[in-house]
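We call the chains A, B, C, D, E and F, going by the order they appear; numbering starts again at 1 in every chain.
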Amino acid sequence: MSRPRILVINPNSNSIVTKGLEEALKPLDFAGGPEIVCTNLADGPYGIESQADVDGVTMPLRWLVESDNSSAAFVIACYSDPGLHVCREGTDRPVFGIAESGVLTALARAESFGVIAIAQRSIRRHMRYLRQMGLMERMVGERPLNMSVAETASGEGTLARMIDIGRALKDEDGAGAIVMGCAGMARHRQPLEQALGIPVIDPTQAAVTMALGTVQFAAH
Amino acid sequence: MSRPRILVINPNSNSIVTKGLEEALKPLDFAGGPEIVCTNLADGPYGIESQADVDGVTMPLRWLVESDNSSAAFVIACYSDPGLHVCREGTDRPVFGIAESGVLTALARAESFGVIAIAQRSIRRHMRYLRQMGLMERMVGERPLNMSVAETASGEGTLARMIDIGRALKDEDGAGAIVMGCAGMARHRQPLEQALGIPVIDPTQAAVTMALGTVQFAAH
Amino acid sequence: MSRPRILVINPNSNSIVTKGLEEALKPLDFAGGPEIVCTNLADGPYGIESQADVDGVTMPLRWLVESDNSSAAFVIACYSDPGLHVCREGTDRPVFGIAESGVLTALARAESFGVIAIAQRSIRRHMRYLRQMGLMERMVGERPLNMSVAETASGEGTLARMIDIGRALKDEDGAGAIVMGCAGMARHRQPLEQALGIPVIDPTQAAVTMALGTVQFAAH
Amino acid sequence: MSRPRILVINPNSNSIVTKGLEEALKPLDFAGGPEIVCTNLADGPYGIESQADVDGVTMPLRWLVESDNSSAAFVIACYSDPGLHVCREGTDRPVFGIAESGVLTALARAESFGVIAIAQRSIRRHMRYLRQMGLMERMVGERPLNMSVAETASGEGTLARMIDIGRALKDEDGAGAIVMGCAGMARHRQPLEQALGIPVIDPTQAAVTMALGTVQFAAH
Amino acid sequence: MSRPRILVINPNSNSIVTKGLEEALKPLDFAGGPEIVCTNLADGPYGIESQADVDGVTMPLRWLVESDNSSAAFVIACYSDPGLHVCREGTDRPVFGIAESGVLTALARAESFGVIAIAQRSIRRHMRYLRQMGLMERMVGERPLNMSVAETASGEGTLARMIDIGRALKDEDGAGAIVMGCAGMARHRQPLEQALGIPVIDPTQAAVTMALGTVQFAAH
Amino acid sequence: MSRPRILVINPNSNSIVTKGLEEALKPLDFAGGPEIVCTNLADGPYGIESQADVDGVTMPLRWLVESDNSSAAFVIACYSDPGLHVCREGTDRPVFGIAESGVLTALARAESFGVIAIAQRSIRRHMRYLRQMGLMERMVGERPLNMSVAETASGEGTLARMIDIGRALKDEDGAGAIVMGCAGMARHRQPLEQALGIPVIDPTQAAVTMALGTVQFAAH
């Protein structure tokens, strides 16, 4: 009998990011559990940095979800949760957004949380989304790395910069946990957590964990 | 090499409830994943129904957590999350409360949620706790079964009553998801979800799912 | 010298609705003031009823706004404010959404407001949007007509049904003002206001009023 | 046939401020539109700076509104909105407060707003009022010029000081729009907006714009 | 040595209400404690029922407070707290409003509270004031007796009506405590509390209690 | 006839703190009023500094309250309000927590308040509790002395340090009143208030004042 599948959709077309997701999610790949498949949105932009990038992938995500008859759950792997509600409208199967799941998981770990964003310009969009989710009360701040997605994924100095920003969120803003506000930062999670001494949440890992629970319990 | 262990602590002394937890959590018992162990608090009350029941188990939970050197994560399996903060103070390992995890997981599934409580008297305590968590904005209501924990766990009419209450939460209060506000209702999750047509969250399953993710990613 | 132009964009392709907008906005067409031009989105759906309808027009709206070099301000004339933020990102000129403007204008008229929606299914989307705007505190409720956009625009019984719903919002929910939650209800504004005895806001009129002020003061 | 009249009431007795209002509102004086008349409260204080100044003009404003049978709408042109609710109680015609209208209009232009106050001492009163209006969620801060009303209206260095304060609100507090927290700052609106690069709202212009829309649509 | 004085100001001119206040406050008249003096505002209206009644007494209250050099603290004994902030501005001595004190005292007694208002029309004003105080989170509702102040103070059926309304607030709205929303209901406090089985707060008693503490501790 | 008794329970075993409470409460000891008795929890910790200290005294407090048949009201004199809800569950007589009463009393004195904490580590617990009480809206900040309870009660430099912290809360955070976040600071209240020029609230005095009012009015 085939394993149920969780489809993790990277809405950008950067396959290095997708490979990073596959790597980051291996710890949830259990013999008796769901299959975790990561995919690109074929025509997505190279990175999702503007509101236009976000809104430009919502309907392609919907079409992908609607046309997929074999996945048991979906994860939209971009920290702006593009198309989350339109995808949910298009299927009865669960759809998780990594920003939502990341923040909710941080709330299960600490009194308060802060977010590391890649760029200053996305913070306003993230704040608007937090307000939409009604999850502002325990947020203490969001601070940018001011690096591109590409730099973040590959750059040498990324971890050092993340530690600096994480320390500011912890020490100046009072964060009890950190959410990494990007799908491509997973390999920095463990060293960042060690350096800061507080929980650090990779949002894709958080979302796929929730998806795995949903799929497993639905089937039993 | 031994598997990391998630210790699920039922703070009451009713071993039937603990057995039910074991049963409910089997879908997360993967060969390559953490071992999930359910246990009773030796001297807990038979059920946790009053504030005194809640506050009476907080320090015993702390002692249990502190004296346990071998678990990788803890889940407090009572919908009042007794001792959550005092246990977190006593260990660096993650501690999850099922009420918190249940509500957070519901927020990942729908715009709004409602809660099925066992008894009217616990609703005020739950509301105070939701306010403490800062998670009231998308809560639409909590309604009681008005049955004892024991009745709920074993009774014939429980599911029918849960469906009635769930329908009121969905149709009158506007809930988009339901949280079962008790550790002993897991076996009703699936039929209730089917009857209502909206996601139903068992809070212990939600918390152990989060614990599993945390343990798996910590180890890699 | 040419008058500055306010472009009012009906994102659906129903030209009867666009004609209704033109009619509804005539009172703001002053000789010395801005020209108010109403247009359709060429390939918009016949009505905007689902999240897919909303998300399907966001990028076409952006393209229209970006390619327009001659308008001084834009109004998106659909009560879901599709594409509001992506259009604002694409131009330095002001862009107004009718839902946002309608609610803000209601807040200038009364202590509290209620909304008349066309369909039950859109209420959840509207509530999410109100939460995103941070404007829930004085909202007392939203109630549906449960009619189609087409029926609303043309139907005989529409006004009577609106009065019923408006009375429920006023007398049961405590609304001090009513926002008509649709771009196609303007011709009912005055008789509805007279029947209810409290301010009734047509959201397109509210948005174009704000746009007119912005354009006039920018030019001086 | 006579034009409907919007009566803009400056509650202080400083006729230079009233003249400034007339000047500032000319762009809304359309041949086919309402007549906009600015007036002083005969016995008002020279400036409204204290709570006593505010509370001292509420009943005179009520009497003026009640005894006026010919205006179609009223605007109270003081950033503390003195007597707004008692005036609304005394007439069926719409009454606008410039603080309320200014803040609501800012919310239609940007994600967040900040306020430039004249004096430190009025900030606490403004905050209390924002809380009363339920409009705190998107407010990022209020900063004082620490100049008198008179200095602000006439002084040479006013604009430079406003730009400094506006930059602090934008860059340090994150304001996406600025509300000028005084009735006498209108002539600085345009240069301030140009210097800051974000929308700047003159509250009297905002309120009279809303009044104009209300009057025009009521008559049709 | 003379006792410090707490001046309780009934802003209406109905001396029967003032007499009732004197009676209601006797339990706080200790030999070694402050003198509690109740007075009328000479030219106050017979009852404070409208916003005009409220705003009409604010400056007279300020003048009375300012011209009084011998009282150690002031209590404004009207459930709309007229002039509270303008009186505080006019003196360094503490000024208490009975609505504020009543609500704050209810919050010290129960998880949630409801208010019994005299008239429907004052509820909107009270809600606006609760929002201004930032004290809405634990308020469950306000319901009117729909009697005049005079009827309430003297009428036979008042207690029975209050019990009905109090039961609705407790049983339907979930109030854990009741605030009597008027200065003239004190004699019903005890029987109402007995009938309902939850704390009932007389707001004047609550405010004078706070004033007494402030005066006693200031003097030591 | 015997006087009703208010039992003030210091949950730590430090009798110097208890003596300080007795001293601090003398101004409320009226001949005709309730007897105010201060007591220690026999087996309490020497100071309440951790969550374990808090949770360790909740049930002993409940037992003490339940076994006391002669007190008319109880005050729990520790700024974490340990056991407040479990004590309320165990008796029909009123139980006051000093943190709750202190904050509520501050809200009756000023627009906003700040808290002086003893240690940094307790601030997160206090914030969680403020959120639980729904009383965050007018809180501007909490700052630590970073001294032990013992040092605070006896140390020479305590007042000077409190003045520094109080000034930061007033001038940088905007506090209009200060709550002293500890049961053992009462003797510093008056000089601190004089130094800061804004109301300073001793929370035990605030709670016993409320208790006194409740007891006096219950008996009449």
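In this section, contacts are C-beta pairs under 8 Å (C-beta built on N, C-alpha and C of every residue); 3 or more make two chains touch, one makes a residue touch a chain.
What you see is a predicted model; the values in this text were computed from it and never measured.
The chains touching chain C as well as chain D are A, E. When the contact pairs of A-B are matched by residue number across C-D, B-F or C-E, over half of them reappear in C-D. Chain A and chain C touch with mostly matching residues; of the residue numbers seen at this interface, over half occur in both copies.
By count of C-beta pairs in contact, D-E exceeds the other of the chain pairs C-E and D-E. One inter-chain figure worth recording: chain A and chain D are separated by 44 Å, centre to centre, where each centre is the mean of the chain's CA atoms.
For the pair chain B and chain D, the distance between mean C-alpha positions equals 53 Å. Counting partners per residue, chain B has 128, 131, 133-134, 137 as the residues that reach two or more other chains. Here the chains touching each other pair up as A-B, A-C, A-D, A-F, B-C, B-E, B-F, C-D, C-E, D-E, D-F, E-F.
Against chain F, the residues of chain B that register as touching in their complex are 50-52, 54-56, 58-59, 62, 83, 85-86, 89-90, 125, 128-129, 131-134. In the complex of the two chains, the chain F residues touching chain A come out as 124, 127-128, 131. The touching residues of chain B, when paired with chain C in their complex, are 111-112, 137, 174, 176. The touching residues of chain F, when paired with chain E in their complex, are 26-28, 30-33, 94, 96, 100-101, 104-105, 107-109, 133-135, 137-138, 189-190, 199, 202, 205-210, 212-214, 216-220.
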